[in-house]
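Chain IDs A, B, C, D, E, F, G and H follow the sequence of writing; residue 1 opens each chain.
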Amino acid sequence: MPYEDLGFAQIDHHRGLRQGFPEVVFCQDKTVEQVCQIVQRIRATGSDVLATRAGQEAFAAVQMLFPEAVYHVQARAIVLRSGQRPLTKGVVLVVSAGTSDIPVAEEAAITAETMGSMTERLYDVGVAGIHRLLDRRERLFQARVLIVVAGMEGALASVVGGLVDKPVIAVPTSVGYGASFGGIAALLTMLNSCAAGVATVNIDNGFGAGYLAHIINLLGE
Amino acid sequence: MPYEDLGFAQIDHHRGLRQGFPEVVFCQDKTVEQVCQIVQRIRATGSDVLATRAGQEAFAAVQMLFPEAVYHVQARAIVLRSGQRPLTKGVVLVVSAGTSDIPVAEEAAITAETMGSMTERLYDVGVAGIHRLLDRRERLFQARVLIVVAGMEGALASVVGGLVDKPVIAVPTSVGYGASFGGIAALLTMLNSCAAGVATVNIDNGFGAGYLAHIINLLGE
Amino acid sequence: MPYEDLGFAQIDHHRGLRQGFPEVVFCQDKTVEQVCQIVQRIRATGSDVLATRAGQEAFAAVQMLFPEAVYHVQARAIVLRSGQRPLTKGVVLVVSAGTSDIPVAEEAAITAETMGSMTERLYDVGVAGIHRLLDRRERLFQARVLIVVAGMEGALASVVGGLVDKPVIAVPTSVGYGASFGGIAALLTMLNSCAAGVATVNIDNGFGAGYLAHIINLLGE
Amino acid sequence: MPYEDLGFAQIDHHRGLRQGFPEVVFCQDKTVEQVCQIVQRIRATGSDVLATRAGQEAFAAVQMLFPEAVYHVQARAIVLRSGQRPLTKGVVLVVSAGTSDIPVAEEAAITAETMGSMTERLYDVGVAGIHRLLDRRERLFQARVLIVVAGMEGALASVVGGLVDKPVIAVPTSVGYGASFGGIAALLTMLNSCAAGVATVNIDNGFGAGYLAHIINLLGE
Amino acid sequence: MPYEDLGFAQIDHHRGLRQGFPEVVFCQDKTVEQVCQIVQRIRATGSDVLATRAGQEAFAAVQMLFPEAVYHVQARAIVLRSGQRPLTKGVVLVVSAGTSDIPVAEEAAITAETMGSMTERLYDVGVAGIHRLLDRRERLFQARVLIVVAGMEGALASVVGGLVDKPVIAVPTSVGYGASFGGIAALLTMLNSCAAGVATVNIDNGFGAGYLAHIINLLGE
Amino acid sequence: MPYEDLGFAQIDHHRGLRQGFPEVVFCQDKTVEQVCQIVQRIRATGSDVLATRAGQEAFAAVQMLFPEAVYHVQARAIVLRSGQRPLTKGVVLVVSAGTSDIPVAEEAAITAETMGSMTERLYDVGVAGIHRLLDRRERLFQARVLIVVAGMEGALASVVGGLVDKPVIAVPTSVGYGASFGGIAALLTMLNSCAAGVATVNIDNGFGAGYLAHIINLLGE
Amino acid sequence: MPYEDLGFAQIDHHRGLRQGFPEVVFCQDKTVEQVCQIVQRIRATGSDVLATRAGQEAFAAVQMLFPEAVYHVQARAIVLRSGQRPLTKGVVLVVSAGTSDIPVAEEAAITAETMGSMTERLYDVGVAGIHRLLDRRERLFQARVLIVVAGMEGALASVVGGLVDKPVIAVPTSVGYGASFGGIAALLTMLNSCAAGVATVNIDNGFGAGYLAHIINLLGE
Amino acid sequence: MPYEDLGFAQIDHHRGLRQGFPEVVFCQDKTVEQVCQIVQRIRATGSDVLATRAGQEAFAAVQMLFPEAVYHVQARAIVLRSGQRPLTKGVVLVVSAGTSDIPVAEEAAITAETMGSMTERLYDVGVAGIHRLLDRRERLFQARVLIVVAGMEGALASVVGGLVDKPVIAVPTSVGYGASFGGIAALLTMLNSCAAGVATVNIDNGFGAGYLAHIINLLGE
């Protein structure tokens, strides 16, 4: 399993090589220089790149080197690709409880798309107005994998999990105030979901949800 | 405002005198002897009594002294009354998410009833099977005050709060396991509810919910 | 139940239509553009608007579009109304423990007023100088619903709850330092209140308290 | 969607009817009588039954009514089936870190099997002796879905997640002492896993992991 | 500073020698044998003994050796004295919020008395019935040091601290349920008290409060 | 008991009047205007003033109104006095564990001094170099009340408490990093102190410690 | 690296073979049968055995099989050896703060001894009586590695760490009550120690401390 | 044991004098002036200096006074030495899980080096790509002491601890997001490590790890 030693980073090339997946760079806590160096090494192997948690400066620097770089502002993700991969037939549906949860939802959606999944979005359908969700019941039923993104009390994952019989990946967000404790309330709600078929990723971890949704989605192709 | 000094307890008689409410005895952490002494003093003033968190032994001892005592097993409540009070026209509806939440729900219902409220019950309608709740939508709409009792992830309060425009009192229960942390998960969910019109009482505090529901209910008579 | 799909938000019009209530916009974590768009859609239905957690910039932008917008600085709330609604006869009394709790208390008071409740205020009467509260005992007794706003140790809710026999809504605030943990100390105090008739909302959730107080208050009209 | 009202429980029959899945009864916090009543109603519809968190007494009582009941001691699960369902071709591999994690691992394995998945087990291969895991690398690669069960520091999920490119469901257990805090340490480790493709269920929630693994596994059939 | 080495314990004799104070033995987590051995060594120096957190068995064993031993049941304290010490003129007043807090209050009172302080008690005067406390205002004003013992929300310390200008030692108790978290709620309330002149000891630490109250009380003799 | 109503604040004049103490203003979370208004009202009664947690701007504004105002930079305290009060004979000794704890220690010392206590300071004598403390043993023994200020692990309070037989007030500070959790580690250490005679105030609450030390100190005059 | 597969356990033989160390069995959460099976397999390789957290029943069963088994009651450890290993010249000194910490201290001491280290013990020298520790300063200075075992506030590790210039391994214990939170207070104290040269193991983890002390001690032979 | 009193600091000279170690200054929460004053006093005794947690400004000011000062940017450490000390033969190996953990790893490495230890570095070898670590197995085996630095889930310490039989010092870092809680997740993982021979220091405490590693390393010279 090949990897490359930059001193400050050991770049792992095997996923890209083995599966044709893009390589992923997690930009948080890395300097712009470190991000650029890592992107260059990956790009040199011909692999596509998905850089998450990337700010505007990181994007500007990467774009200088690779004009084909695309920035997804809400998702805070940079994507570099060579050509278009065919998308899956199965759909990953990303559902968000509120408007403020959209950045995390977008990180999930962009990740799944960049990996190769067909994705759809359904935003601001939190449980306080349950009819907004139930009206779109059909879209829930048609998805092969669902990602539910919610802050505050995070109850949406349980409701969706109770409606569908497909895997649901719950993403708590740090949206909220007071006793939401930066996402802990939503996280606990999701972990304690009384609906079967729900698993949870870290607070604000849109990438993790999108990646997992994609590899589950692939099983059905 | 009259009260009576037993040394280990100062019994407050003014609520009973002023409002015709039963006096309340919280039995947890009290000895059977202390409970009996307090009940006797209250009963001597002619007031009705509601004794909560009472075990079978406490009931047996009280019943020896007052054969009219009634024990509500699930609610763990002893009630002593002289005659029947007329009930309110408005309904307090007690909704529970699961079967295991019923003891707390019953404490709430018995409290509201003993205080003088008409009550109804709707049990085991948690959000993982949302159709069980939505089918009874009419009953939700007809209540004047709603009490929602839920453990585990506690999401039911938000869904009910989003459906009705009446006051909702949320009661988290300690039912659950793992990351439910003895009711903390449900408590946080309820405090962070994105539905307006919801307030929360302490974990397992069925009495507090029933009492508050009754004094709200009285406003509408 | 009508709602409108803006992509990033599903605006729910039914409360405004059904009850003549103003529609509510929670501005925190929304961009100024999102706030403006939502306000425009609501205003287009003829409904009044209450926008909470709104900063000065959001107000400036909204006022450009709707000159009738009024900004309540301490409450950080924008109100847009068409004509004056008659107020309730029953009074919602907002009590604060300290000077620093006033912003949250004002959010509660402005919310209740905008919804249509007559409100009164009693500020800086915390339990460390209990005579300041007891001197105003009469004002406490005359209210139909009470909101108690307190940070630090949050003990005021228990004392007020013990004095009155009307519903008390407790609002913990994040005011304090050290082991107040951003409002957790006050929250726990209120949840554990030994006074019956008290329920609690989220830390700093003045809006939730004001809204709930109003729908309780309405029951008595 | 059909369900049946027992007063204390609303039994949901639709999963069994729709998918041929067994109905599930969560026995914790239910009385033996309640368990028996629920099992009878489900069995009356012809559905198979999986009763989790069932003690020896519950099993004894169920077996009196249904001699075909089978008890899995370590998993604490009762299974009632009419005939044998064909198993999936894809394998759900259940991996445990330590000997003490086996009860939870067995709950996961029995659940997946009862639902219809082919399962395998690989126990006591925690990271402190990493060669025990690496030696079985091939078995990891051959699974379609993996469940990793670990208490104490819970690091196994990250290591397994880094080796495979299939979905990994992490189950923290309450095994440990001191600063493991009843499973919180393992839970946090799993939520923070730096390996992509991992999602987490509640502490000790073997059932949830087994159920989710099965519906993921089904996608690949 | 003399001490004696028992291998499992180093007994410190200097306080008893220097101040005529009784030596103190903390019995929790010690075997009855260890308690007896330590008491014997102390008694051999002629010092009085106060043994706290002592169960009935420990008392029985000590009484066999020293018939003059006295057991205070509620306080769970054994006292051995040779003759009577004169008491202070200043009074340590022990105030408790509820009946269930009495064991901790008694540990505090017995400790202060055994050390040599005149003590008084005022029990079950929690803030939910504030008139019960205010009626005894004079007794509060006459004390030189006050100990306030309260569980649940622990608000009594702030109210008392606001009324008097003498030192107040607050003792949170583990009495309560749900979000009282074994005394944490009361502890935080007391630490965050907005009344000046209040300091806090550990949850249920009646001994610590009684000891500190005594050495403060001594300053005024 | 006289107080004055400013709308946003109820100023309590009785302590100043009764005891000749300065009135205290807690400036945190108050605007400069509010601080000035309150100081003016107090000063109008002829009372001295101690304003704590005051920034440079608050001081500048107060000094414009009252040129006699003095600012203690490290303590962040403003003092206004008319003439000099005689100091106590007994000494309040303020001990700090580290250099970084000095601001909190100074708040305690300035408070005690302004109230009228003779104070001494002993700084940077934390337990990692225990000889630095033991060398000053005599100064510890000569104090009537001790205040121990410590962050990080907060062990100093126990060591001092074990050396002296006078009251020790422990003040945890938020100094530290990592698992000091903003002072929680030091707070817990102090609450669990195995030395008798120690009580604790809130994290960083130098004022509370200084005030309590003074009223204890007064008892010995 | 050889290991043996029992199904429920993978026994690792390489440490014993490589270093002549005894193999270690952690008995908590294992059945007596599992313990016996594992001990038999290890013993069959000729290796010595240390079984920790072993109750009386486990010992009785093991002794039936291997009469040479020795049980250390306080340490709750079973030792099986073939002949005596020579001990190190360097000393591991185990220091405990209180009498109640001795079981954990003994687990550490027995572990280090069984591994092959010369050990000494110094018990009940907590910081509240600092002279008891300072009197034995020479014994501290002569040790090559120190283990400090303390519950409650855990301050002893910092004081010892400040006195010596050798490695100090701190072991928090769950001894205490109230805000000691089962050892969290002591754990945080030790992690935040301002003395350099201190590292911490899990709460009550005497084995871990003894093992680490031994491998450090070996470096100096 | 000599020390010097600066009023705000008591500088301890004995380590430098006794062992030829550099004196250490912890700069966090100290002003630049305080740092300079302390460095001057230490330097005046001829001792080397290591100043940790030092920002660029502190370095600039120190360099004005002592041109020989060297700044290690990533480690945020200033080193002042007179001549070169010979390094140990044994190696301290510093291993980091990710790129973002490097600042803490560097603080550990620079500390050990400045004290006199030969050090090596192995960075970005976290468990999600376990082959990157296993490929360097030999380097792990050759070290005398290992420091493992990891944030997020912190699992690397257990894996390394299972591979080597030398002391492992685990350093959790605050790197991560969401449920990593500023390093708590990694801290708990390390404390609960199922690998023997691992002890943990405070979150981000690179200095503590480097210092302890050095004094352990010295034992083997």
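In this text, a residue touches a chain if its C-beta (ideal position, glycine included) is under 8 Å from a C-beta of that chain, and two chains touch if they have at least 3 such contacts.
Keep in mind that this is a model prediction, so the values were computed, not measured.
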item	value
Shared interface partners, meaning chains that touch chain E and chain H	F, G
Any chain in contact with chain E as well as chain G	F
Reference chain F; chain at largest CA-centroid distance	D
Whole-Å gap between the CA centroids of chain B and chain H	57
Intercentroid distance (Cα basis), chain H paired with chain F, Å	36
CA centroid of chain C to CA centroid of chain H, Å	51
Rounded Å distance, chain D centre to chain H centre (Cα mean)	44
Multi-partner residues of chain F (at least 2 other chains)	129, 178-180, 184, 187, 191-193, 196, 202-203
Pairs of chains in contact (touch as defined earlier), listed by label	A-B, A-C, A-D, A-H, B-C, B-D, B-E, C-E, C-F, D-G, D-H, E-F, E-G, F-G, F-H, G-H
Parts of chain A lying in touch with chain B, wherever the complex brings them together	97-98, 126-130, 134, 152-155, 158-159, 161-163, 176, 178-181, 184-186, 188-196
Partner chain C, residues of chain F touching it in the complex	1, 3, 7-10, 12, 28-30, 34, 172, 174, 183-184, 187, 202-205
List of chain F residues in touch with chain H within their complex	99-100, 102, 123-125, 129, 131-132, 175, 177-180
Chain F residues touching chain E - in the complex, by the definition given at the top	15, 18-19, 24, 90, 144, 165-167, 169, 187, 191-193, 196-203, 207-209, 211-212, 215-217, 219-220
